[in-house]
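Listed after this line are the structures, all set down as structure tokens.
One chain, chain A, appears in both complexes that follow, with chain B as partner in the first and chain C in the second.
Entry: the complex of A and B
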């Protein structure tokens, strides 16, 4: 919670600072980075312990909660934001459309996401969701000289507000049915109502769920994803894809595990249909894209499908499924962040070089970048010895444990299909002679951005083979154990 | 009396909500889309206040107050974007927003 306060305070301070003419954009970027770093250090101080409490009960009553679970998600969100600000440095400097206020909005968005995982009331969740989304809308449309940016922002704004309204309508129904919107108490009242008619609560919870399916871009609500990711600038897409999804899953998992546990069976069939449709349609969309950015956006829909597989298995294999979701979120966040980051680095100048064809023979000219890009693609496809494989392994194991073998098979098939659109890039980079296009526009490997991306690539491989080389150094097992611990902290009364 | 019953309030709120939803789906003018979204927010306010009265608790009213504040924040972003769009396109028709259509993106 101190970390949240630090980031929120930093956001307000930065907003005030950016009004001063002496402060330049580089200073703001540095300030945001330092704030996030302090927040991350504060979070990691209590990482890996088992605890839960309500901070300042006099002021907040039970609207915010701090437990190992939210701290785990805080750590993911903060490191995501930190990585975004690092890999964005080069892009922000090259583009020159980003003004000082951008970083203030960025910090506001991060603090909203952190509040979302700390939320213990539907109302505080709504406020957090709006803080995070409203700042994101502005961040997307920030370069208002581009039609694409403004339109993506408008599209996301209209659809996002609609989703927010459905969240409110859902909480109104839940309030009507249960008389409370505090997490934990809703679950208790629902338990006493079992056996009676709870259709009002079911409708409300379904509406809330629909909002979150929209935000994580699951099947019936996936259409905005590609357009908005394509329309926004690359660091912002990376931030959205990796971090926002984590925060949303953080809240919805808490809601489902703690409160709507008694009525979760209602959605089983619905979820199975949603998952299969998400995997199918997402794969189809990813195959037909020519632009690399749009392909990554479409493949994020497929990854939502994998995450939802673990989400339905929670009912029967709670602990392993929940921790596999948390682990997969880390895996996806690393791989997507790396891929988006590297592409944003390559495309930092005005010649946007992001279609498949542009990467023909890329490896012969820039072997290191091509190698890093290949690592990210391998991890996204889930090839062994990368973190993506371990994540998928846990998810499919959880699904089979829970008896959803069919869904696991669907997931594996979708993975096979995904090899096509990920490996197409690798094949183009390595197996073709370099084309004549001038690669001089691609910046050389210097500065903080390539270093960060390289570190992510190392982390991905480390996450895949971890622990086998150096014992007692945090690797896969550590992350999984902490995920289990955070899952346990949800149920301390 | 029928006026004070919860049912009539819920009915009015749901009617307003449906009108708003229809407006977002069917209208082309981006300003009207914005107004429809505001209408839906207010329908939910009405619903919450009526429910709070029915349940004799203040939770619902707090919800309504917070929603009013958030809707105001959203209005700021919406109006700013409408101004930007109008400056660039000289039109408020949602159909002119074509930069992201699938055909041209490839």
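Entry: the complex of A and C
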């Protein structure tokens, strides 16, 4: 919670600072970075311990909660934001139209996401969601040289607001049915109502779920995804794809695991349909894309499908399914961050487009970048020796454990389709002779951005094979154990 | 770290070092060759210290992912030992044959990675670990075909990748299902083969599905009819090294994995479906044999003839008696040596003459006597001429199938001869007869190549004349499979 305070305070300060003419953009970028770093250090201080409490109960009155679970998500969100700012450094410097306020909005958005995972009440969750979303709307449209930026921003604004209204309506229904909007208490009251008519609550919860499905771009709310991701500047797309999704899952998992647990069976069929449609449609969209960025956007829909498989398994294989979601979020976060980050680095110069064809023979000109990009693609495709494989292993194991072998097979089929569109890039990069003229503008590997991306690539491989050989160094087991710990903290009474 | 871990990780480690160091293609090649010799020495050490029993030996076990009971555990028994010796012998030879062929560093690095992958697949006794190597092995193959292939290589690379990954993903689901079943039955996670075989809660329906999951993965890799459609394109676009690895090592690993994993995991189904798979194997033998006859390209022809033999090997595996099983193990070795040698020789020929149809060859024997002699030896082995190991192996398999079912045995006996006799025709047409085609570009084998092929030719004859020596260490293991795992008994 102190971490949240730090980031929020930083956002306000940065907003004030950016009005001063003497403060330059580099300063703002650095300020944002330092704020996030302090936040992360504060978070990590209490990482891996089991606890739960309501901070300042008189003041907040159970509207926010601090537990191992939220701290775990804080850590992911803050690392995501940090990585975004690191990989964005080069991009923001290359594109002059980013203004100082951008970083303030960025911090606001991060604080909104953190508040969301700490939210212990539907209304504070809504406020947090809107803080995060509103900042994102502006961040998407920030680079106004492009028409498509503005278009993307408006598309997301209009649709996102509509989805937000569902949330409010849903909360109202839930309040009508239960007489409270505080998490934990809702669950208790629902328990006492079991056996009676709870359709009001069910309708309300379904509406809230609709908002959630929209934000994570599941079928049938996926249409905005490709255009918005494509329209945003690359670091912002990365931020949305990896970090925002984490925050949304963070909140909705809490809601589903603790409060709507008694009525969760209601949605099983609905979810199965949604999952299959998401996987199918996402795969289809990903196959037909020519632009790399749009492919990554479409494939993020498929990854949402995998996450939802674990989500629906929670009912029968709670612990392993919930921790598999958390693990997969980390895995996807790393892979997507790396991919978006590297492409944004390559495409920092406006003249370089990023279609598949542009990458023909790329490996012969920039072998290291090509190797890193391959690692990210392999991880997204879930090939062994990458963290993406371990993530998929957990998700499918959880699904089979819960008795949803059929869904695991669907996931496997989607994985196998995804091999095509991820490997296509690797094939193009390696198997064609270089057409060197196109790649003159690509910057060489220098500075903090490539270093970060390289570290992500190493982390991906470590996450895939890391083990107990090297003691005291966090590997796969560490991630699973902490994920389980954070899951347990949800149920401390 | 034990010997087996060294065999697995040494090539990989050397590959990483060579990748980072600024060395040229030649130094990398020499390094890779050196590694393959070291591996041969290690394999020989394993062979010498291998006790005559059916137990897993040189066993190593470390925790990997504790929360799911996933371990790194490796070991060898008689069956893996013979495959290990095969791989360890073949690879140095292959390096010598490819010596002048490939002038790129990444080629040799990929070869090293593949060597690690195949050893890992061979020794794994944990299904998660096995899957890990099984899939990881594919990536360097992907690189080798895509980077150094000819023709429509990018398409065929993607095709084989997607195809094999599809198969292995079904196996992946089966593995996970077994893991979960173990968890529900015993309350602890494990993916070790020795633990998973104890599962008793699976319904026949589930077993069939899981069995199918494994079988699809292996049938694609082997390839068994009807999962062969990647074969022709991949073999004809791959560079020599790629074809060599695919046909003489990876396909054999498919059969090996079939015996190693599906047999103990689903013994009842293995016995129940034996008739079906023998039929499928014999059908493949005939089908691919006919397909081979009509090819006008020697590489494509060898591809089909290789698939044809793999049909016979699979039929032998399912014959459920010691003759058939021993014959299959023996043919795995014999055929790997012969086909590997033939593909490498064809690679040499292609280097000199370019890619040519059969009708544009002829009269090579006169220009390249060493080449022709080696070619003949390998070819005799493939056809199964008495005195070669191919003969012993095919005889044993046919006997085994006959033992299982006389009619199928007669069918197998007839087709083995018919399906392979066209090889003589090819030999005559391409190598012996003067045809007026210009083959003046053809040169004889260089010293490297003569030395490289010698062990293969020697083994073909030695194993053919004195098979008992080579069978001694494998028989207890196979007997154990039949008695203890399949409960079908069977004597020599």
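We adopt the following convention: the second predicted complex is superposed on the first by the 488 of 493 C-alpha atoms of A that agree within 3 Å, B and C clash if a C-alpha of one lies under 4 Å from a C-alpha of the other, contacts with A are read in each partner's own complex, and residues count from 1 in each chain.
The rule is simple: a residue touches a chain if its C-beta (ideal position, glycine included) is under 8 Å from a C-beta of that chain, and two chains touch if they have at least 3 such contacts.
Just so you know, these numbers come straight off a predicted model, no measurement behind them.
*Asks:* Check chain A with both chain B and chain C modelled on it and let me know: fit or clash.
*Replies:* fit
*Asks:* Under the superposition described above, what is the C-alpha centre angle at chain A formed with chain B and chain C, rounded in steps of 10 degrees?
*Replies:* Placing chain A at the corner, the angle measures out to 140 degrees.
*Asks:* Classify the contacts of A:54 with the two partner chains as first (chain B alone), second (chain C alone), both, or neither.
*Replies:* Neither partner.
*Asks:* Would you check which partner chain A:420 touches, where first means chain B only, second means chain C only, and both and neither mean what they say?
*Replies:* In the superposed model, A:420 contacts chain C only, not chain B.
*Asks:* May I ask you to decide whether A:356 touches chain B, chain C, both, or neither, giving the answer as first, second, both or neither?
*Replies:* After superposition on chain A, A:356 lies in contact with neither partner.
*Asks:* Upon superposition of the two complexes, what minimum C-alpha distance (Å) separates chain B from chain C?
*Replies:* Superposition on chain A places chain B and chain C at a least C-alpha distance of 22 Å.
*Asks:* Show which residues of chain A both chain B and chain C reach, each in its own complex.
*Replies:* In the superposed arrangement, which is not itself an observed complex, chain A uses no residue for both chain B and chain C.
*Asks:* Can you tell me which positions in chain A touch chain B when the two form their complex?
*Replies:* The contact residues of chain A facing chain B are 123, 126-127, 130, 134, 137-138, 141, 144, 147-148, 150-155, 157-158, 161-162, 165, 168-169, 171-172, 175-176, 179-181, 227, 230-231, 289-291, 294.
*Asks:* Quick one: in the complex, what on chain B touches chain A?
*Replies:* Going by the criterion above, the answer is residues 17, 24, 30, 33, 37, 40-41, 44, 47-48, 51, 55, 57, 59-60, 62-63, 66-67, 70, 73-74, 77-78, 81, 84-85, 88, 97, 99-100, 105-106.
*Asks:* Over in the complex, which chain C residues touch chain A? Could you list them?
*Replies:* 62-68, 72, 128, 131-133, 135-136, 139, 142-143, 146-147, 153-154, 157-158, 161-162, 165-166, 169-170, 172-173, 176-177, 179-180, 183-184
*Asks:* Using the touch definition up top, name the residues of chain A that touch chain C in the complex.
*Replies:* Within the complex, chain A touches chain C at residues 378, 383-385, 389-390, 393, 396-397, 400-401, 405, 408-409, 412-413, 415-416, 419-420, 423-424, 426-428, 430-432, 467-469, 476-477, 480-481, 484.
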